[in-house]
Amino acid sequence: MTIARMQDKVLELIEVCKTYKGELFEKPFRALDGITFELVRNKSFGLIGLNGAGKSTTIKIILGLIFPDSGEVRVFGKSPFEEEVKRKLSYLPENPNFYENLKGYELLEWVGRLRGLMGKWLKEETEKWLCKVGLEKDGGKLIKKYSRGMVQRLGLAQAFIGNPELIILDEPLNGLDPLGRKMARDLIAEALDNGATIFFTSHILEDIEKICDRVCIIHKGKILKFVETKEVENLEKEFIKTLEEYEKNA
Amino acid sequence: MRRTLEIAKITFKQALRERSFYIILVLLLLAMIGMPVLYSFTMFEIPRILTGFALSFANFVVLVLMLFLILGLIQTDLERKTLQYVISLPIKRKDYVIGRYLGFLAFSAFLVYLVLFLLFPFIYYFSRLRPDAPFYAGYYFLYGIFLLVEIQILVAFALLFISLTSRAIVSMFGVVGVYVAGHTIDEVAEFLRTRMGMQMPAFSKIVINVARYLFPNLALFDVKTNFIYNVGINPAFLIFSVIYGILYGIIVLGIAVVLFERKEIL
Amino acid sequence: MLGVAALIFINFVFDTKVKGHFRREESESFRLFARPGFEKWSAFEFSFLKAFYYTLSLRVYLGKLSEKYMTPPLFAKEAIVRTAEVVTRVCPYYYDIYYIANGYLSWDFGDVETANRFLKKGIDYYPKRWIFYLYLGFNYFYFLKDYEMGAQYLVKASEISGRPFYAHLAAKLLYASGRTEIAIGIVRNMLENTKDEGWRKNLKIRLEALEAIYTIEKAVEAFREKTGRNPQNIEELVKTGFLKSVPVDPYGGEFYLDEAGNVKTTSNLTFTKH
């Protein structure tokens, strides 16, 4: 059972294509062109690319927010729309916007409840995660009053509460000060230790290098390369090199 | 079901914290103070004037607040992209639509009856001082139901627009447009009927009558005048209106759910 | 974004209005924010409030005028008629406007036809309001001298209100002169119900005049009973002791008797000439 579980594919994308239809006078935009990759349980996977390369689109497809034109998406072996799939994953959007009229702990409790936590256990987990992200004093404040960094921290808390199996993070270290970033990296490492799978995008390749086992370079909707971070000295150099090679041959 | 209620609860909580709600409370206070003032400079039919005022106030206040809330929600969810985040949570898409609907409905009900109950003692007291016209307490509270039916139709439409478009401004215009259209349909139908009168072929008359109910005929729920003056009250028709309104809202909501399932949340 | 939507919304509610100016001087203008024919459309659900607001602004306007003029000036009539048209279209059950329209149009502007038109419209929509029948009855009796119609309406008023008083009054009025009596009753009733200071001032003067006329009429009656003929003039009544003194017409005119012995006044119970 253990071996089978360890090989268990948490995420699978097969030849996924997505074209955004242009509005009025805009030309249709080919966002994803034959994206194929898979993510195995308890690994951390990074997606890197320039702006507009297709990172957000990929994430939205994984979350079931948009639908691929062709190809297959499987999350935990099932379609991303199913509720039980969403129960096992969490998501932190880039520059998150949460409902401002709620207090920090209310949002956390709400998410926790949706993930199946209840009663006293819910309250404990909420407390615990507020502390872990350094918001123990601010849980009772309205999110309207949070600074950018505090919102990001809350975002991390809601991504981890309930111990989801797959955690999808879009630029999670954005808006955090150096201590905050360390905290975030520690939390991600802890989650990995607890068996979670991490899917991560960022522009800060240094962080990707530290956290991810495997990295995928995406450019203009296509996957250029997979890189094992252990095997590469400097991810940034590798990234730029790959891009330049592609442009030369294109 | 549980998750739908979670969405509903959070909707209610958000609505309660909106600044507009506090402004409404202040207005409510002013309205309560205004009652004795109204009493002193009204000439005739005190109970009717007070009731008319209270019901119109409830109507206006709840309508404006719900519109603000709905438009605010549209703005946050569509423009500030909270919708993307919420849909990624473990809920079914239809939970979102139905949950929002129920949440707003609950909040409207709370608001409507808050206003009606707080104003009631004033009306009752002053009506006793000068009972030159009857005060129908039953109708007074019954009006709340009609107001709610109207509101829930607007909420359903707002959710329909959210499911249809990603542009906040389209949704906003849509909801306002539904309100305007809903209240003028009857007038247009009357107007056409009297203007063209006999000259119209029977077919057109049928079309107009169908249109009256195909479009949300919100004027059906404006029973204030009927309740204040106790005129034109046809119980069968009133029941019909309520059922029409509720069914209409549910159908629109149903369409919203279906469209929302297929919607790309960009 | 929200603000724009709100503004547009508000515009829809209060917009589409045409200002009606009825004025001699700028300060005497009355703005009626209603496009005739569209007042109901742009009211949406708030027809009652609209009726209330228009009536209130008319009252304020008339109040302002009463500070300057002893009786409402002619240009105010159009304001009253227009407002009454709009209000009765927007919310035909709203009572106050009927009262105001009838009160001013019949007494101050002598336009009983229009006053009756509004009263009858009121009955169309709200047949339970017996007071409309009462006012109509009075108008026919007192102003139009159509005693039959007057009686009909008074009887109807009795029926609906359940107070036989009005039917009795009709009977009395048909066969005896009681015009001034009923007028005094009506004006006293108006005085009880009207709160606007300007109007009350007006009504008090009217009441004074009517009571003066009533006193003279009573004296004439007594004289007729005693002497079997009509007095030649009011002075004769004073000389013969049926009247203490010649009553003063608060409108500034002079009371006199016509050939039939009816009491008239040169002022015609108004300060302005129509």
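To keep things simple, chains are lettered A, B and C as they appear, and every chain counts its residues starting from 1.
Everything that follows uses one rule, which is that a contact is a pair of C-beta atoms (placed from the backbone, for glycine too) under 8 Å apart; a residue touches a chain by one contact, two chains touch by 3 or more.
Chain identities (UniProt): B = ABC transporter permease.
Only a predicted model underlies this, so the values are computations on that prediction, with no experimental measurement involved.
Placing every chain at the mean of its C-alpha atoms, the farthest one from subunit A is found to be C. Chain-level centrality, scored on Cα centres against the all-protein Cα centre, points to B. Mean C-alpha position of subunit B lies 41 Å from that of subunit C. Remark: subunit A and subunit C have CA centroids separated by 79 Å (rounded to whole angstrom). Residue ranges of subunit A in contact with subunit B, taken from their complex: 60, 63-67, 81, 83-84, 86-87, 89-91, 93, 96-102, 106, 110-111, 113-115, 142. Residues of subunit B touching subunit C in their complex: 40-45, 48-49, 52-53, 55-56, 59-60, 63, 67-68, 71-72, 75, 79, 168-169, 172-173, 176, 179-180, 183-184, 187, 218-219, 222, 224-225, 228-229, 231.
Listed in rising order, the residues of subunit B touching subunit A in the complex are 3, 6, 10, 13-14, 17-18, 76, 80-82, 84-85, 87-93, 264-266. Taken in their complex, subunit C has these residues touching subunit B: 1-2, 5-6, 8-9, 12, 40-41, 44-49, 52, 91, 93, 95-96, 99, 125-126, 193-195.
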